[in-house]
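In what follows, chain A forms one complex with chain B and a second complex with chain C.
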Partner chain A sequence: MKNLRIGIPRALLYYSYAESWKLSFSELGLDVITSPETHANILREGIKHAVGDLCLPVKTFLGHAALLKDSVDLLFIPRYVSVEKESFMCPKMIGLPDVVRACFTNLPGIIDPLFHVKQFGDNAVREFTKPIAKAISQHHPDVYTLFKRNMNTAVEIPAEQNRVSARLLSEVGILSSHRKMNIGIVGRPYLLFDRHLSKNLFKYIKDLGANPIYLKPEEPDMREAMAVIPKWVYWDMGKEVVTSAHLFFKDDRVDGVINVCSSTCGPDSFTGDLIRKRLNQRNKPYMALSIDEHASDVGIQTRIEAFMDMIARVTA
Partner chain B sequence: MKLTVPHMGLLSVAYTRVLRQHGVDMQPPPKATIKTLNLGVKYSPEFACLPFKINLGNMMEALDNGADAILMPGGYGPCRFGYYGIIQEQILREQGYKFTMSTTDNPDRLSDMIDTIRDISQIRNRYDGYSVFFLILMRMAALDKATALYHYHKPREVNRGDTDQVLKQAIEMIDLADSYTKLFRTMPEVKKMYKAIRIDKSFKPVTIGVLGEIFVVIEPFANLEIEKKLGELRVEVRRGVWLSDWLNDRFRFRPFRRNQTKYATKLAKGYLNFASGGESIETVGKTVLFQKKGVDGVLHIMPFTCMPELVASAVINRISKDREYPVLSMTFDEHVSEANIITRLEAFVDLLERRRNGSISRY
Partner chain C sequence: MEAYLGIDVGSVTTKVVLIDRHGTALWSSYKKTMGQPIKALQSAFSALRRGMGDIEIRGVGTTGSGRKLADYIVGADEVKNEITAHAVSAIHHIPNVRTIVEIGGQDSKLILIRNGVVVDFSMNTVCAAGTGSFLEHQAARLGIAIEELGNYALAASSPARIAGRCTVFAESDMIHKQQMGHNLEDIVAGLCDALVRNYLNNLSRGKEISDPVIFQGGVAANPGIKASFERELGKEFIVPHYYPIMGAIGAALLSRNTTQTRFRGWSLSEKQLSTSSFYCSDCPNACGVMQINDCDEVIARWGDTCGKWGRMSE
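Let's turn to the complex of A and B:
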């Protein structure tokens, strides 16, 4: 019998959790098919199918789904509502499976398991895997064990993507004697690490001779950052964005911070304001870079160059 | 302490007089005008939604008029509303305003609301707290009832403008009814006033269901008085979201009224399977309901960049295609122009009329 082919669109939460999904599905004996990296045609296709003024990452997701839908048996679009006890995902992420269903006809089967830690607590993964087991007709305990084990598989960082990822600032190698300009990049993984959407920002900054830093904050960091602002941010990714901004502003070795966000992003419109006014107490160079489908490579590059020129003048 | 709460439809009418009687120095912001909006837009984050901007403008104008305390509801939902208060406080402080700010962090819980009322007023007794809070809720329900009657009479009125006068009067009367007894006596009078309007009983108006983000639906300033405009086009509005329903779902003060959120969730099954915050599930569920009930079309209104309603708008677009049901989504922000809205409404109403007469089978 031929294996079931399961499609995972390379957009949105792919950049945060895909490794664990891919690993689990292939261990269950399914053929995992992922869409290629975003390119202009995928985005164009997404925009064609999107309704209203959905944001750029969701449009991208629709493009990837359009590409996959005819070549797979099942499409995996999990509904992540909350990944922690006291927070939520963005509403568009919560409604994502329904948006995909609404925007296309002739879809293959969609697996949309619910991941809701706020409601299910420690049983979240168990509840998450139930619909998966049913959809691929396998024994639920096996599926559960696999997903549970693979939960914390870190997202692989291919070197050629030219992204710097580090848990701690000290690991980044900033402390070299020949001091380079260090630029902290904050933003959502699905925007930053999609090379087409972010216009290969990391590589460009590197080519200009500076050191781009992205970091994934840990739990204690988040608690610290949330204590600085008046009310903790209740969006999962918003919290990460605010925390890494806080860490960058605190650290003397970081010369400037760029906040990359999608132009009509709801949570980022507020967290951006928090970052600019509340966290940037020491008036470090800070730039908000908003990206939409009309953003051009050159436009982004000019702004980055100008930003770096400014830092050079400030530090000189 | 002069307390101010940003406007949301007729809510300020419901609480101002009652709270004043219990020793709260209420100072509601002046009615929103274009100046309010401009103030709000000037200081808000670029992509904040329209309610945020209007609320901020409200606060600034109220503070300019001498208020020195702000009460802003909060919350922890996926929608941005829960974070409004924090960002607004930050902006106001930056502009040099001096004030105290309190937020209710869990507006869904009765005890939190009662505590908030007790914090700001001279009410110390818990029982009185409940009694005052429920009076406010009943007054809100009465105002909604008067608005619903307005929707029925407006398209049928013989003399243009009669109904608007009656609504204005009704709101004043409900405002004066500051106790349960007075309120129960006022309602029949309000109904009598509406009965007295000369209407064309034989006229069968086109019906449009108005759905969407609650602030934009119930605040005439935010939606450029869209319900009045529809009434003037001789359309009967069936509003799908009411503030009193929203409150009733949480505080059950009208025990015989169905829980609208649960009802909508049931109706939305298959299209939107999980409430993604805001009024998304109501929008989707009620679109299905209106279609079943034979309402001629649905007008879905939302603020620009509203996250939950964007999900809903994608989904109801699909319902519209599947069931051949006319749906019009409109986005409101500070740049929306009146002429644009009127043109689109007229075209939509034309379409519904022709569809009803059978001159077009599809749309």
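Let's turn to the complex of A and C:
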């Protein structure tokens, strides 16, 4: 018998959780098919199918879904509502499976399990895996066990991007070994690590001779950062963005911070303001770099170059 | 005579300036690019030669969105982004400057300076609603020469309220106001207010605009916009003498550190340069690759994400 083919679009939460999904599905005997890295045609296709109000990352997701839909038996589009007790995904993410259904005809089956820690607490993974088990006709306990075990599999990040953990930043001192300009990069993984959307920002900064740093904050760091701002950030990922910015601002080895956001992102417009007004108390060079479907490489490069010139002169 | 050349290839205009070692402008030109940056540069070069005779170029700086193109064909020692070029130039002319408001043909910038150092900036590139092209288009629609627009605005008694968020909406708003019977002066003044509001909304949120404020770029020629800014912010906007060529001057100033210039010489103006483009089909990105040809020879290529075509022409 032929294996079921399950398609996972390489966009949005792919950049946060895909390794665990891929691993679990292949261990369950499915053929996992992922779309390639975003390229111009994928984006064009996504924009074609989307309504104008959707943000760029969601449009990108639609492009990936379009590419996969005819060559798979099932599309995996989980509905992530909350990954912690007191946090929420952006509404566009919560409605993602519905958006895909509304934008296309002739879709394969869609598995859209609900991930909702606020509602299900410790049973979130158990609930999450029920519709998966049903859709692929396997025993729920087996599916649950695999997904539970693989949950924390790290996501692979393209090699040129320096990804350090917050602990590493403070203890190992990766930053002080050579005195290149160190630029902290904050933003949502699906924007930063999609090289087409972020215009290969990490590489561009490296080519200009600086050291771009992305970090994955840990729980104690988040608690510390949340204590600095007037209100708990309840947007998922927003909390990580704010925490990373906080860690970068307070570390003397980091010369400047760039916040990469999608130009119409609602949650980012809140966190961006928090970062600028509340966290940058030492007035470190800071720039919000907004990414838009029309933005040419030149516009982004001009900003990055100017930002680095600014750092060079401020720190001289 | 020894001099330094500054070139600012913007989206709408091409600026060329010649300065001496002290930064004094000896010669300058400000011309519409008309979508043909190479031609614009060539004609500026011939005019410079006619006007200045034999000059020894010691350094060349380029800036503007076409700075790389200018570098390819002229040979530059300093290829600098517009923010830095404008800041360097403003600080050179007015050392205690704290804010630079720059509005060009298709983009606008806000640069904050403290103690002679850029400390913050913002720039719009996506939406041209608050820029020179927008004003020019509306002036043409109203049948007013762009140079006259400011004087109309200054003559207004009660500026009409016009939405400046988007050029398309602004235009329908203006038509509506005309049909309601507002006079031309009030509509033009309303247009200036709308542009200023749009600029402040887009660029200055959360940024402190403090004195002295320098207003530069082509739109600074418009006294109506200057007046709108001053009314809105209650601050004086200083328009420097060289306001339209400040970026080019900045690029030239930056090139003064050059020891051995890469300048290709004056023959540029006689060469048969042309540009062409094609879409690469080697991967799904389908990059549009631009190339500059000197007769049959390709002298530069760019636009490819992977850099393959760019390397081939090196």
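What we mean here is this: the second predicted complex is superposed on the first by the 298 of 316 C-alpha atoms of A that agree within 3 Å, B and C clash if a C-alpha of one lies under 4 Å from a C-alpha of the other, contacts with A are read in each partner's own complex, and residues count from 1 in each chain.
Simple rule for what comes next: a residue touches a chain if its C-beta (ideal position, glycine included) is under 8 Å from a C-beta of that chain, and two chains touch if they have at least 3 such contacts.
Only a predicted model underlies this, so the values are computations on that prediction, with no experimental measurement involved.
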{"item": "Fit-or-clash call for chain B and chain C when the two complexes are aligned on chain A", "value": "fit"}
{"item": "Partner chain(s) touched by A:228 [first = chain B, second = chain C, both, neither]", "value": "neither"}
{"item": "Superposed arrangement, angle subtended at the Cα centre of chain A by chain B and chain C, nearest 10 degrees", "value": "80"}
{"item": "Chain B versus chain C as contact partner of A:263, first or second or both or neither", "value": "both"}
{"item": "Touching partner for A:298 - first (chain B), second (chain C), both, neither", "value": "second"}
{"item": "Which of chain B and chain C A:208 touches, first, second, both or neither", "value": "neither"}
{"item": "First, second, both or neither for A:181, with chain B first and chain C second", "value": "neither"}
{"item": "First, second, both or neither for A:99, with chain B first and chain C second", "value": "first"}
{"item": "Chain B versus chain C as contact partner of A:81, first or second or both or neither", "value": "first"}
{"item": "Partner chain(s) touched by A:114 [first = chain B, second = chain C, both, neither]", "value": "first"}
{"item": "Larger contact residue set on chain A - chain B or chain C", "value": "B"}
{"item": "First (chain B), second (chain C), both or neither touched by A:277", "value": "both"}
{"item": "Gap in Å between nearest CA atoms once chain C and chain B share a frame through chain A", "value": "5"}
{"item": "Overlap of chain C and chain B interfaces on chain A (superposed complexes)", "value": "263, 273, 277"}
{"item": "In the complex with chain A, residue positions of chain C that touch it", "value": "65, 80-84, 117-121, 123, 125-126, 206, 283-287, 305"}
{"item": "Residue ranges of chain A in contact with chain B within the complex", "value": "50-54, 79, 81, 86, 88-92, 94-95, 97-99, 101-103, 112, 114, 229-231, 233-235, 263-270, 272-274, 277-278"}
{"item": "Contacting residues of chain B [partner chain A, same complex]", "value": "45-49, 74, 76-80, 82-83, 85-87, 89-91, 94, 271-274, 276-278, 280, 304-308, 310-315, 317-318, 329, 331"}
{"item": "Parts of chain A lying in touch with chain C, wherever the complex brings them together", "value": "36, 39-42, 196, 200, 263, 273, 276-277, 283, 285-287, 292, 294-296, 298-299, 301-303, 305-306, 309-310, 313-314"}
